[in-house]
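One chain, chain A, links the two complexes that follow: it is found with chain B in the first and with chain C in the second.
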Partner chain A sequence: MEAVGRLRVGSWRGIRTLDRTLPVWIGASLFLIFLMLLPLGWILVASFRGEEGWSVGGYVQVFTEKAFLRAIWNTLIISFWVGVIAVVIGSLLGWLVTRTDLPLKRTIRALVMASFVTPPFLGAFAWTLLAGPNAGLLNKIYRSLTGSEEALFNIFSMEGLIFVMALYSFPYVFSMIANVCELISSDLEDAANILGASMWRVALTVTLPLAAPALLGGFILAFLHSLSLFGAPAILGLPASVHTITTQIWALFQYPPRLDLAAAFSVPLLLATMLLIALQKKILGRRGYSTVGGKGGERRLLHLGIFRIPAFVLVLALLSLSVFLPYWILLKAALAKAWAQPLTWDNFTLENFKFAFFQYGDTQAAILNTFKLGILTATVGTVVAALIAYITNRQLLWGARYLTFFALAPLVVPGIVLAVGLFLAYARPPFVLYGTIWILFIAYLTKEMPIGFSQAETTFKSIHPELEDASRILGANRLVVLRDVTAPLARAGLIATWCFIFIGVIRELSASILLFTPKSKVVSVVIFDLKEEGQIGVIAVLGILLLLVSFLVILAVQWAARGEILATRE
Partner chain B sequence: MAIVSLKGLTKKFAETAAVKDLDLEIGDGEFVSLLGPSGCGKTTTLRLIAGFLQPEHGEIRVNQQVISSPSLLVPPERRNMSMIFQSYAVWPHMTVFQNVAYGLKFKKLSSNESEKKVERLLQLVHLETLRGRYPAELSGGQQQRVALARALVVEPQILLLDEPLSNLDANLREEMRFEIRRLHEEFRITTIYVTHDQAEAMVTSDRIAVMHQGRVIQVGAPEEIFERPRTSFVAEFIGRTNILRGRLDHSGKLVLGEGLVVQAAAQESYPREAEVSLCLRPHNISLVGSASEAQEWQQKGYNLFSGVIRRRTYFGDTFDYMVELPVDRLTLRVIAPSSRRYELGQKVFALAHPDHCVVMGQG
Partner chain C sequence: MKKLFSFLLVISLCSWGAVSFAQDAAMIEAAKKEGKVIWYTSLALPSSTMIANLFMNKYKGIEVEVHRTGSQRVLQRVMQEVSAGIKNVDIIHTSDGGHFVLLRKKGLLTKYLPKGLESFPSGFKDKEGYYFGMRATLSVIAYNPKVVTEKEAPKSWKELLDPKWRGKMVTAHPSYSGIIATHVQAIVNLYGWDYFKELSRNKLHLVQSANDPAGVVASGERPVGANGAEYFYYKTMKQGNPLRIVYPKEGIPLVVSPVAIARDAPHPNAAKLFTDFIFTKESLQAMADLEGLYTGHPDVTYPKDKPKLKELNLLNVEAEQLEEKNAEIKKRFVEFFGA
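Entry: the complex of A and B
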């Protein structure tokens, strides 16, 4: 070949030899660290801040005053039972769907997914319509059947709260158990079978112990989930004067706000979350859990025999509690003039839709804000998460692996705690964002970072670094490589990242509830507000809107994933 | 013109040195293999040359210009090199044509011109009919050809290959060795080829640099490496061999043990009385059965070992014998034509020309 390529040596000296993309990586890293450190730092500072100077007064008050102790105790009791119930339901369903010949398994998975996507505050609201002591539909049916004056259920109670929160926490356990069950190969079970153990005995002595770490991990996950929930306890607990830590923090924000106490109250919640996550990691990280995995052997399905149909009915009954009944009552409330009456032609109306979308200024603005924030956060979040995941995955900077810690940090920060920190950080100079939707943007960006980061990280892991090296050596700098090679290959994964963030944002309540102002309301907050006004039809309309959009977005992810299969086939 | 020189190159990963104080000169248009077992630092060396890694010590120069040093790193995209990867790294979202044409994007060519170049390369690697396919629709060998064409179309100054054939099946691998050499004869691009397969290195290279534990321990033409290995590591890594420990006496003869003295080659480079090793390839040893015949050969200058056949394996055209020598229970492996046959327990005489008895350093 003619000697075309002459080395362009002259321009190689000094600063020019620096990687020109370096500022992008450093910028993204600093942004992330700033995003995470500022609110958490403020919580710590504020929690030690009394009316005059430094003090531990806040902590003393939080841990001595009866109301606060009561809230902590309630939270622990509720979370414990939510964890237990979620493990029972979640593992039963997870096992049935993966290891038995239960009918319509894909549909059941889809329904579990629907429970997962349903915002717990919406489920809680729907259950107030189903099992409120007076007008609750199930209670009315019970009264008309028995002629009794009593209510069968009172959802406004500790038990009611536990019940509803468990309904929306069990999918976490389900996905964990389903994953593990899919990894346990039939060989292991066969080994026990050959030794003479019966089918059920095998399930009890081999399958169950193998799944034990996942069960414990799932319990902790469900426990954590209910620990950080605000909407459901506020809707179901407060009317029964049951305070939890999150509702207590919210109450401390009401006039006159006690920021020092809110901050001091946030710290134990933060510590508890951190402790539990560390514990969960340790349990799941222990040997045995992963060695179950590998490609090892095929799985055969257990034949349920005469239990097949009863098991199916049981599963449907469980899912009707989390999906069918709530969805049906929401739909009914949205379409009826009087939601408690049967849905006849006389009772049918589209008024609620008209009112929510076109007449009521608050809902219009909130819908607009929610989707604006959803799109904005998902877009910025995907870019930042992708950059950070790229840096950690390709080790582009010194100490890159520590960035993982920052990106995942919000996992241990319950939404309402984050909101306390953000309020402290951004309601005063130099960053006055409170009162605008930008503080919500920051909150969502922070809160969704772990999900976005993990998703992006998985995506980049699947792209062989040599594919990028091949582009670089031919003349592309790092950014061009990102554009030409990495981004197209990561497309499906990044679309999924975008969608997960988007869904997370539009359903967010626990941080929004502290950070919204009349000028910056979002749908979840409006639902919460309208609850006070008794605008049930409008709430139902907004709820259905959230659910519909979420499902559409999930379909989009699946569509994108299908495209992926073609691209990565090798 | 591209002369590559590596000087005192050192690269550490987490405090263990992957490449240690490595020196190597590669001439213009030369094809040099870095040969060694896995973990010897050869791929690290290649990635240092490509600019994906920066050395802790030492420097890399191309035509006297420093392109890598602890304080300076010309990024890979400005090195005018091409690289072929172990995983092929053919982009799955681009067609064969787009893959090959990619590097020309950065060359400021008219689209007509670059299309011609791509077509020519596709022809050269016999892919012209597959230009519209996606990599997922190609076999491994075809993907490898795409990678070759993609690397060559930009007319690089230096071509780097990182175990490019290790993922291919045996037949295809053999074919591609010749293909790579053919393309080199055609383009004469300075080429550095990383492999752990000695046959690959032999077929393709002008010179081979054998690497061990982060260092180059011997550089030379394939025959030279094979016939004059400088250490027992090199001797054992390339081809089968007998290695016997011994000591040089005052006249430069090699003393292997009581009464076993060998006239050997390459002893000049070692001081008298040095502890050394002898490399003697099994196929360079002849066996004879009669003492008189053996003595005839010995008088012609051949080294003579007497011993007893302890093991015999039949390989069709050859026998593989193990001969036990009377001294220190030393053994010799001998590969001899199957036309002559010796029995287990039979006393034989092994003969080897001094040129084939190569003195090496111990270690």
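Entry: the complex of A and C
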């Protein structure tokens, strides 16, 4: 009897002394689960909630009414072609940069990064100025060169929308392919070479099949990305009467709002995303190609020979579509009185900057909100992501691997769907966060969690537990270890996590567009508002501001990371 | 006796003036304490910020927060905030008279009679005293004279149905703009929904705000505006852009855009002060000067090269009808134009 009692006390004491930090881990986990489940639960509830009681009327209407069906169909067509084009451009560039002797590879990588950082809605806006059928500068040049009456390209069309979305989706494929290409060893290629295959045949029959899973994975990633975009379809699709699922959900919020339909319409988007992510995991997780994955083997560069310069020109041409041309037109629109006229002294003005920064109160408040939210979300997000990644990586809790699932779950929730859920959850008493920047904070935190988590996870994977074990043996508890040992080692990785989240936040539009109120506007929303009123110069100014800040942050990361490498070498 | 009488009259007039002056001073004092007024407006950004700045110069220490978006978005914002129990907006201004019928019916407005409204025409006043017309906008046709000659240019709404304009026109959207919602209802009253069904065959470029077609026409992106706010066309033309306005003889939709104070206005005194200011000659004249906006004030003068409202054949739409048809207008427009 006494023995049992002592045992109980002992084990109770054991828990206390062993793991006083347990509440932190459990708290972080519960927070994450709460963050994910609440909005999704609300969507499900609201989708079955008609005007009078429970019904499946919402679903019936969504899947029978022509306008809704057309939006679904448009979305599928657009996303499919975006996926295809993104794979072609992304894999070509990824392969050229990693496996050939293309000149200026670092610069090209930086430019791909620039396309990645450019918010698609900003790219879409810039392309309306470049390729509007009549006033677009490229079409004007084309007409004056050929004397033709017709436009070369009408950006306000399904094709135009696909084109622009592909331009800002291909970096996803690029990074995937570039990673895989760096892992494929040259052994197999050498074997084929020895057996007499030509250089191109090797590329087509050996390298390409080895990269095939990554290509398919990249396709799905680009497909998903375009599925969730809101700004580009709204800017390029709506003027040409093309609705997509996201713009349709947004339209359902107009007065009188049909939240039941918006929720019901979110569910297919959610399911489609889940399905595709599962598929992608299956394809990439199979790793049937043993050569991919190891770091062994030697990798040699392919000599492009006479194709070296033409390939370089082609790459630059592609990147000019996503970077040079849009940036140039934005700069011009920001500095010109009439953007369609040549930028002469008479046409030069700083009025747009003055209006954006000093006269229009909305922009000042929005800039402030955006940076507040960026810093706040990035900081809290990094801490939470690091805690969760630490738990899953070191298996601190039972069921830790299910946490991975929750941390990555927002990947399957398109921004606008998340926003519908959050609006349902937090726009009515008792939890009224709507009307404050906190609802945006929660949206951003949720949305950026997968990126933050995977970044933090990779970081912790590379830090061996031995060092932690050493200090724990010496008596430090987990949190102290995390703070004093692990975090300093993970510094560069965590700074990168912070920056990724920050950049993700300041360019966010698809969730913000449903969650902002005039009191809690952010820059992306102001840009969208101004677009609807046709204030081109001011939009350009704000767009340039977003880009500049993003680039500065990236430079800061690189600087921090380089400092880290130097430090470890010492 | 006569002298005494006139003396008394002077005294009473003076004291009445003093009383109202004292009331004014009290209101200004209270407004300054509130320090802020929040204005949800569909008035074009340059004009709305100008009025806000005029007010802030006159009443130092009271900040005007301008939140400009389309009429329908303003209503959406207001209703979403009401349903979430958020009290943010002080003054509501949209171009859709129907909105104010709706808001009044739902009891979401404060009854307030701004100063000097007695001399305004009746079309600018709500009979029940909740909202008043700040400006009158016309929805007109416009064209780019660099692309379309005056002879070719469409002279009437009906001419826009001609297939020769296919792919050459731009329209704003009734799901965004109150001016366009009123425009659509006015034309439907004239020609029925078949007009828009036929018009949509000409593949119009869709923009949102009634101000946006001006830029689209001026840049030549689409040489003809099938509708749009006349004041913004006029302003764009005056800035030296290639643009001409056509006032169709069949009738021109007249859009009276009301202002009202929200029931739960967080800054009620500042809201009253700003509403009074909006209806002063000073503010309305500035609007008329900047972009030739029509107002209800009898003393405001308009640019010489603009037609007088009296000379035009105006199409009025009852606010009650707009409220009733709000959903139908948007739905059928989307049906015909696809988005």
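In the analysis below, the second predicted complex is superposed on the first by the 540 of 570 C-alpha atoms of A that agree within 3 Å, B and C clash if a C-alpha of one lies under 4 Å from a C-alpha of the other, contacts with A are read in each partner's own complex, and residues count from 1 in each chain.
In the analysis below, a residue touches a chain if its C-beta (ideal position, glycine included) is under 8 Å from a C-beta of that chain, and two chains touch if they have at least 3 such contacts.
From a predicted model like this one, the values you see are computed outputs, not experimental measurements.
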Touched partner set for A:D484, first chain B, second chain C, both or neither: first
Touching partner for A:P518 - first (chain B), second (chain C), both, neither: second
First, second, both or neither for A:P133, with chain B first and chain C second: second
Which superposed partner A:Q535 touches (first chain B, second chain C, both, neither): second
Touched partner set for A:L467, first chain B, second chain C, both or neither: first
Touching partner for A:T107 - first (chain B), second (chain C), both, neither: neither
Contacts of A:Q395 with chain B and chain C, given as first, second, both or neither: neither
Partner chain(s) touched by A:N179 [first = chain B, second = chain C, both, neither]: neither
Residue contacts with chain A in the superposition, chain B compared against chain C: C
Common interface positions of chain A, toward chain B and toward chain C: none
Chain A-touching residues of chain C, taken from the complex the two chains share: 38, 40, 44-45, 49, 52-53, 63, 65-70, 72-73, 75-77, 79-81, 83-86, 88-89, 175-176, 205-209, 211-212, 214-216, 219-223, 241, 327, 330, 334-335, 337-339
Residue numbers on chain B that touch chain A, as the complex places them: 1-2, 50, 52, 62-63, 65, 67, 72-83, 85-87, 89-93, 102-103, 105-107, 135-136, 147, 150-152, 154-157, 160, 187-189
In the complex with chain B, residue positions of chain A that touch it: 1-9, 12, 17, 19, 464, 466-467, 469-477, 480, 484-485, 488-489, 566-570
Chain C-facing residues of chain A, complex: 67, 132-136, 156, 237-243, 247, 251, 253-257, 338, 340, 359-362, 427-429, 432, 434-435, 517-519, 529-530, 532-536
